[in-house]
Amino acid sequence: MNVTQILFWFLSVLALFGALMVVTSKNPVHSVLWLIATFFSISGHYILLNAQFLAIVNIIVYAGAIMVLFLFVIMLMNLNKTTEPKKNRWLKLAGGVAGGCLLLVFIAALKSSEITQQTAEVKTGDIGLIKNLGRELFSTYVVPFEISSILFLSAMVGAVVIGKKE
Amino acid sequence: MQNALQIAWLIPLFPLLGFLINGLGRKHLSKSAIGVIGSGVILASFVMSIWVFLQVKDGNTHVADYFNFISVGDLSIPFAFQLDQLSSLFLLIITGVGFLIHVYSASYMHEEKTEHFGRYFSYLNLFVFSMLLLVMGGNYVIMFIGWEGVGLCSYLLIGYWFKKAEYNKAANKAFIMNRIGDLAFLIAIFWIIKKVGNVNYHDVFQFAGENKFSTADITGITLLLFVGATGKSAQIPLYTWLPDAMAGPTPVSALIHAATMVTAGIYMIARSNVLYSLSHTTMNIVAIVGLATALLAATIALKQNDIKKVLAYSTVSQLGFMFLALGTGAYVAAVFHVMTHAFFKALLFLGSGSVIHAMGGEQDIRNMGGLSKKLSVTYFTFLVGCIAIAGIPPFSGFFSKDAILLSAFEKSPVLYGIALFTALLTAFYMFRLLFITFSGKFRGTHEQEHHLHESPAAMTIPLIILAVLSIIGGFVGIPEALMHGGDKLSAFLSPVIKPHEGTPVSHSTEYGLMALSTVLVIAMIIAAWFKFRNYQRSEAAGFGKVLENKWYVDELYDKIIVNPLNKFGGFLNSFIEKFVIDGVVNGVGRIVNYSSRQLRLLQSGQVGSYIFLMVLSMLVVFVLQFFLRK
Amino acid sequence: MNALILSAVLGVIMMFSGVMLKQKSAVRNIAITGLFLLLVVNILEMSGMSFFRINTAGMMHFDRFSLLFNCIVFFSTFVYLLLSARDIEKTGNYYAEYFTLIFFILCGVILVSSFQSLLILFLGIEIISIPLYILTGSDKKNLKSNEASLKYFLLGAFSTGLMLMGIALIYGSVGSFSTAQINMTEKPGALMIAGMILLLFSMSFKVSAAPFHFWTPDVYDGAPTVFTSFMATIVKVAAFIAFIRLFGEAFGNLQPQWQIWIALITAATLFIGNITAVFQQSVKRMLAYSSIAQAGFMLLSLYAMNADAKEGLLLYSAAYSLATIGIFAVLIKMNDYTFDGFNGLAKYQPLLAATTTIFLLSLAGIPLTAGFISKFYMLKAAVATGRHLWLVIFAVLMAAVSVYYYFRVIQAMYFKEGQPGIITTSPVFKYTLVVLAALIIILGIFPNLLLNWYYF
Amino acid sequence: MPINYYIFLSIALFCIGIVGVLTRRNAIIIFMCIELMMNAVNLLLVAFSKMHHATNGATNASAGIDGQIFVFFIMVVAAAEVSVGLAIIVMMYRNIHSVDVNFLNRLKH
Amino acid sequence: MIPVLLILVPLLTGLTSFFLKNERTVRSWALFASLVTLAVSLLGLTLLKDQQYLFFQAEWMASLNSSFSVRLDGMGQILCLLNAVAFPLIFISTWRSNYPKANNFFALMLLAQAGMMGVFLAMDALLFYFFWELALIPAYFLCSQWGGPKRIQVTFKFFIYTFVGSLLMLVGILYIYFHTKDTSFDIASFYKASLTAKEQTWLFWLLFIAFAIKMPIFPFHTWQPDTYEQSPTATTMVLSGVMVKMGVFGVLRWLLPVLPDASWAWGDSVSTMAVAGMIYASLIAIRQDDLKRLVAYSSIAHIGLMCLTIFSVNNIGMQGVMIQMFNHGINIIGLWIVIELIERQFGTRKISELGGLAQKAPAMAILFVVIALANIALPLTNAFVGEFLMFTGIFTSTVTKYNIWFTVLAGLCIILAAIYTLNLIRKVFYGNTVELTVNTSDIKLNEKLALGIIVVLIFWAGIYSQPFLDVTKNVSTDVTNSILDKPEINKYLRK
């Protein structure tokens, strides 16, 4: 077991644990924090996969901007206490069982998929570098890139329409 | 002189015109005009019929196709008339007797409102028209038209006084019972069409003559035809309508019972004698049913108190005799009896009409008595009728009945015995009727007594004519035993009806039988005289009660057919239709509604449950797709 | 491409016009004119006049199908604005923004109707969805609108998650997002099939097919009625076009794998949509369920996936959108959205009632209306497959059930006594309704007027 | 790294997200769980991208790059979604002072 | 030419009627329109008998291989004539009935007429289906708008019921369409469609259920009595006089020749259903107290007989069915006219509440009795010819071995028909007047005219039916031979 593998397992466990904590934490703020932890571990994975640009973006956009926004909203609403009333335990159980079953089914279905034998390059390959990604983005993917501006425009308009107090 | 047959279509046309004129003009014509038109058209037909008869007598027969009534593919049914010995004879009876009844009616019904008077005559004319169609028709379908036509007219006439509910019920009964028979007739026609491809008498008989019918076919066809005849001619089991049909005006009863309608069955079987002769089974059944009817009706007639009911049952009984004759192969005898019966039964009915007229509508003989003094013409003619029907020589009934008894004897002595017994009963109840009505003391109310009077000439003259006919009518068929060549009728009908092929009895036996029946009949009359000359009202009891209630046959029919049918209909209507069939249909609607209400609950409004259901269905699909699908 | 750029530009123009212009009518007129222009440039592109030559790297393809479909969408939106633009303004203060969002949604529609890459599909669907979340919640004071918006958003985001997972799995299997590449898969592996099924689910969600339909009644009911109208028609048929393109072009060769699932989903959708609609008391909610039911019928085209199906889907889009827009336009004018609210409408507003009747007849699929002929094409397409005829029979039985709830409105309008609230309508509104009704009937008798465009 | 590891990891994260969506009532947390699901997808895409690059990188230097670009777009969309979503949640909160989805039950049946 | 006019005249006049506001004008307009239609129909029967006038084809939905092709063949002639005769009669007889929003009423009536014309004329399956529904919609609106108190539910049931049927038919049509050699909706292609026996079987039931609901055949009939009861009588006349013939017609034109094997194979089952229904309906009719329901059930029985005959596949019977469709239409319209008069005058249709009308209204009584007797097929009336031929057909049928049973059982209905008809006459017209009917007035001129025409037609077709029979001669042979001449069936026939 080399360092890469150790890192991989460490990050994986951290991600999964973080994710579980997101789901199980009573306090929303804790959830947010665990989610950030998860995101960091995912970013770690990105770095492991040599997708440096995405790792950075993930940390900046997700862990940084988005999660802060979440935190902000939660704080704003004063939800940092354990405000969530008890949900029906059976429903919780049902939800957990359903999700678990889904996981099992997925894994059972995909464990012998067409690409089982293949591996993902770790630590090598330069497609994840900013230079390459940028070139591709502004050549081949320029149309979608431009189109995503529409998305942002509408999100902006939406934020105005919805968020502005009358 | 050939052209009488060419223009024979005038015969039914006259009554039809009369029907139309009287029917449409009933509000505008005067009573006398209606009477004259109504009777006149029949007279015209009668004259034409005589003309036709004379031609036919010379040996000319004629089948006239006028137009295609129905022509489909291979099936072609012409609107055709057939004028031959049999039909011309019936024409004479129908129009002749019919004319007398019309004349009589004009007087009898004079009290009616003009409008109804016109209606009455138009019905009568239509009746005659239908009957003429029946006998003139050149094929079974045309016969069937007339056949149903007389059924309709009897319905209309029986229910002539439509305000009275029970009359209408009687009319309905007549029509429906007839329809049952008609259905059988129709099926027989279909059968014939299936086998012969045609319904013309000529073709059918030729087909039969060549023995192309299988036994089953011929038996089936003849039996079905016979069932048809039982409806129209009031035989067991379809006879109960006829006594009820007395609801109509008395001349109508005369017309139904004497000249038209009930003789249709006889005519039909006589007409189809070629077919019947091929099937012994049917013949036996016809004979037995006929005899049974004759006996049954005679027993019932013994205890009836309504003057017309007695006559009605006597008609049923006499018709039974005719069927007995047909069943024993003595077609001519049957036709002969039709003729004589037409005379004396018309006479009796008209006579009873005269009595009823005199009694102011009273029909119960228990309330009569001693009428002979006031109603002498009626009395004497009625007496003639009774003697004729009882069968005392040389009155007409004797000869015809004798012919029937003889043929029964030839067939089987048992038949003969029962037939003779029935004949004796006939004599007994007829004279019972006569004596109760005309002898003894008057038992009616004072008013009625005051009102008693002999009927006007327009009514008595037909009576007299019919009385004369009843006396002499039998001479066309004097048995060979009595007079060589006396049986003119058989000779006349021989082209249509093949002479009877039985084992002839010796003349001496014949004499013996005649003597026996005559003596016994006279004995019965004398017995009746002693019993009923001074009739006192008494309640029937025991067996008499059963007879008075007509063996409870009507009640039986009600119990086993009418009521179950009604109940079943009600059950279908109120249960099956409403709950089962409609229930299924509405049930589908209800299920939809119910599932709508339940499915709606799935839409709980909870995001969690929505996602849960989505995840669940994803699970199902994945499991099925990956692990269960081949 | 003409239309895509123009509609994006128009969206921006609307944004600014809200700031610049004070008069509502001016904004409205700009929007209507803009849509008309959109229609025109799209028709021009159909006839070969493309203003822009942009290399999309094979990610988009404007073929006749998509262009004709866009025409239908633009025309429907045009009619929608003619009928309901005033009512859009009544929803809230940001009327110009609403128009902006509508134009952006149209961008998304253009994307999903012409995508060749799953990326574009994803973007298109998001561009449609995000403005819709906003429009749904645009009646901010109304708790129902709030609730609908949040539900829509949560469920929509969830389905986006599913879709992304599906895309990711497919990418793992194929190594490309191009539909053509995906379709070249010879032997589909588990990854591919799992991805396809996830996409099936998420697309089913977008077209509100059972059992992923749950958001529909609530959202349609809660959203401001004008926007429900838009969502239930234009957006829904757009999702269908995306659906049929995706499964036709990317998973065409996998038909044996998904056909049975589509068949089952179709049956379930028909069943749930129709049956649940029966018991509704509010016409608006009934229409929401009916839109599910109609989606079930449209799914038949996916099930069949043949030439008839595509023609039929075009027809269906037109017929369904026009009729539904018409009904919603009338519904908006009503004070009372229950069935009883329609009582006696024929007496007071015979024209409204008559046109509504035609719309309803069309939805119910009665002959001589476009609704019939489009249903007919669907059935025809399904029968042409020669398999699963039970589905066809089930579909017609459900169509019969649909008659039940559509006709309840007709019954209320014509056969029941009542006094509907005061309804004020402008002449333009009435004329548009009449033209719309006429169009539905003409299309019902001569569907080739539309379909010929597809081929020539 | 065998690709299956990444697949299972992503799927596990994804399913944990789903479980969260199913079990939590707080709209914000549900939303966060959805973000978790998206991140799982992102991770998977990047892994696939690298996998494809590993297989096809020899012939095509930019093989697999589209996967990473897709991730980029997902992040873009997610950002937009978050802004709108949080706006909606805030609006909701303003009206009913709760972000509990169980209170979203005016619309049903 | 003629067929197009037959459709267009009522269609266009119907549409214009919507815009006429004056009640009197619209009445006259509708009557005029219906008379023009009648004239056109008669023209097609007499002067312009050449094929060139009786056929029309125009392009329509070419991509589907469907065309607007209409033709007047014998069966079309007779049914269009019925349709054309019925409407003037209805308009005349209901001249005095009051209909609020008369313009809509008459417009819808004319549209219904146009739809039915189209059904009888269409030579293209899709076109047929179009008209099939077009006829239904106006009927629905007519019944629900102007009907009795329970009209909305009842008519709705009727509508959905028939709609289900027609949708099933549509599926069937589509399936056949895909199995025609040239993938066309044309009737000739349909007749030549290649279908396996199994396919034919379920297609047969799909189509048959549609037609059976329309006819209606037991047990698909429950919509009918309710609908007849609740509809305004003018519409009931249309429904029972003409519209039910659409079902019979459908079987004759679109079922038997298209699916001969299945029609032959399932003939006995259908016949059994029909016979059971006949007896069932007759028995129920006996127990009805409501005039309309009684006639409705009697109609079920009559139509059952037609259905039975059709599946006996016999030329004679087939001809019977064809003219019986006409005759039954005429007769039942006559009955409805009288019932309408009674209802209008007394406000009730309960037999038990009426009585003695013959005293007060002799003309009505006489005309009614004539029509009622025609309805039970008394000889020399029109229905006799039809029923005689039909029964002959059943009895001589070569396709079934139960023909005797069918004849006898169906024959029982003749008797049952007599029972309920005569009871009806007895209770309503005869007997003494009751409180309600003491001040009855007789019928007016317009009603006399309508009933008079019907009576004339009854006797004409009853005494000299040959012209009618000649019209349908070829069609009936074709229909029959489409089954009997098939070699695979022919060898099983009972000769």
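A, B, C, D and E label the chains in the order they appear, each numbered from 1.
Please note the rule applied: contacts are C-beta pairs under 8 Å (C-beta built on N, C-alpha and C of every residue); 3 or more make two chains touch, one makes a residue touch a chain.
Everything numeric here is computed off the predicted structure, so don't read it as measured data.
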item: Steps needed, at fewest, to go from subunit A to subunit D via touching chains; value: 1
item: Geometric centre: closest chain by C-alpha means; value: E
item: Relative to subunit C, chain with the most remote C-alpha centre; value: B
item: CA centroid of subunit D to CA centroid of subunit E, Å; value: 65
item: Distance from subunit D to subunit C - Cα centre to Cα centre, in angstrom; value: 27
item: Approximate Å spacing (C-alpha centroids) for the pair subunit B, subunit E; value: 36
item: CA centroid of subunit A to CA centroid of subunit B, Å; value: 102
item: Multi-chain contact sites of subunit A, meaning residues that touch two or more partners; value: 91, 94-95, 98-99, 102, 106, 109-110, 113, 115, 141, 144, 148, 151, 154-155, 158, 162
item: Contacts with 2+ other chains: residues of subunit E; value: none
item: Contacts with two or more other chains, residues of subunit B listed in rising order; value: 600, 603, 605, 607-608, 611-612, 615, 618, 622, 626
item: All touching chain pairs, where touch follows the definition stated at the start; value: A-B, A-C, A-D, B-C, B-D, B-E, C-D, C-E
item: Residues of subunit D touching subunit A in the complex; value: 1-9, 11-20, 22-26, 28-29, 31-33, 35-36, 39, 42-43, 46-51, 53-55, 57, 61-66, 68-69, 71-73, 75-84, 86-91, 93-94, 99-100, 102
item: Contacting residues of subunit E [partner subunit B, same complex]; value: 157, 161, 218-219, 221-223, 280, 283-284, 286-288, 315-316, 319-320, 356, 358-359, 362, 373, 378-380, 384-385, 388-389, 391-392, 395-396, 407-408, 411-412, 414-415, 418-419, 422-423, 426, 429-432, 463-466, 469, 473, 476-477
item: Footprint of subunit B on subunit C - complex, ascending; value: 151, 154-155, 158, 162, 190, 193-194, 197, 201, 205, 211-212, 214-215, 217-218, 257, 261, 272, 275-280, 401, 404
item: Contact footprint of subunit C on subunit E as seen in their complex; value: 60-64, 129-130, 132-134, 137, 141, 144-145, 151-152, 156, 159-160, 163-164, 167-168, 170-171, 174-175, 177-178, 206
item: Contact footprint of subunit A on subunit B as seen in their complex; value: 608, 612, 615-616, 618-619, 622-623, 626-627
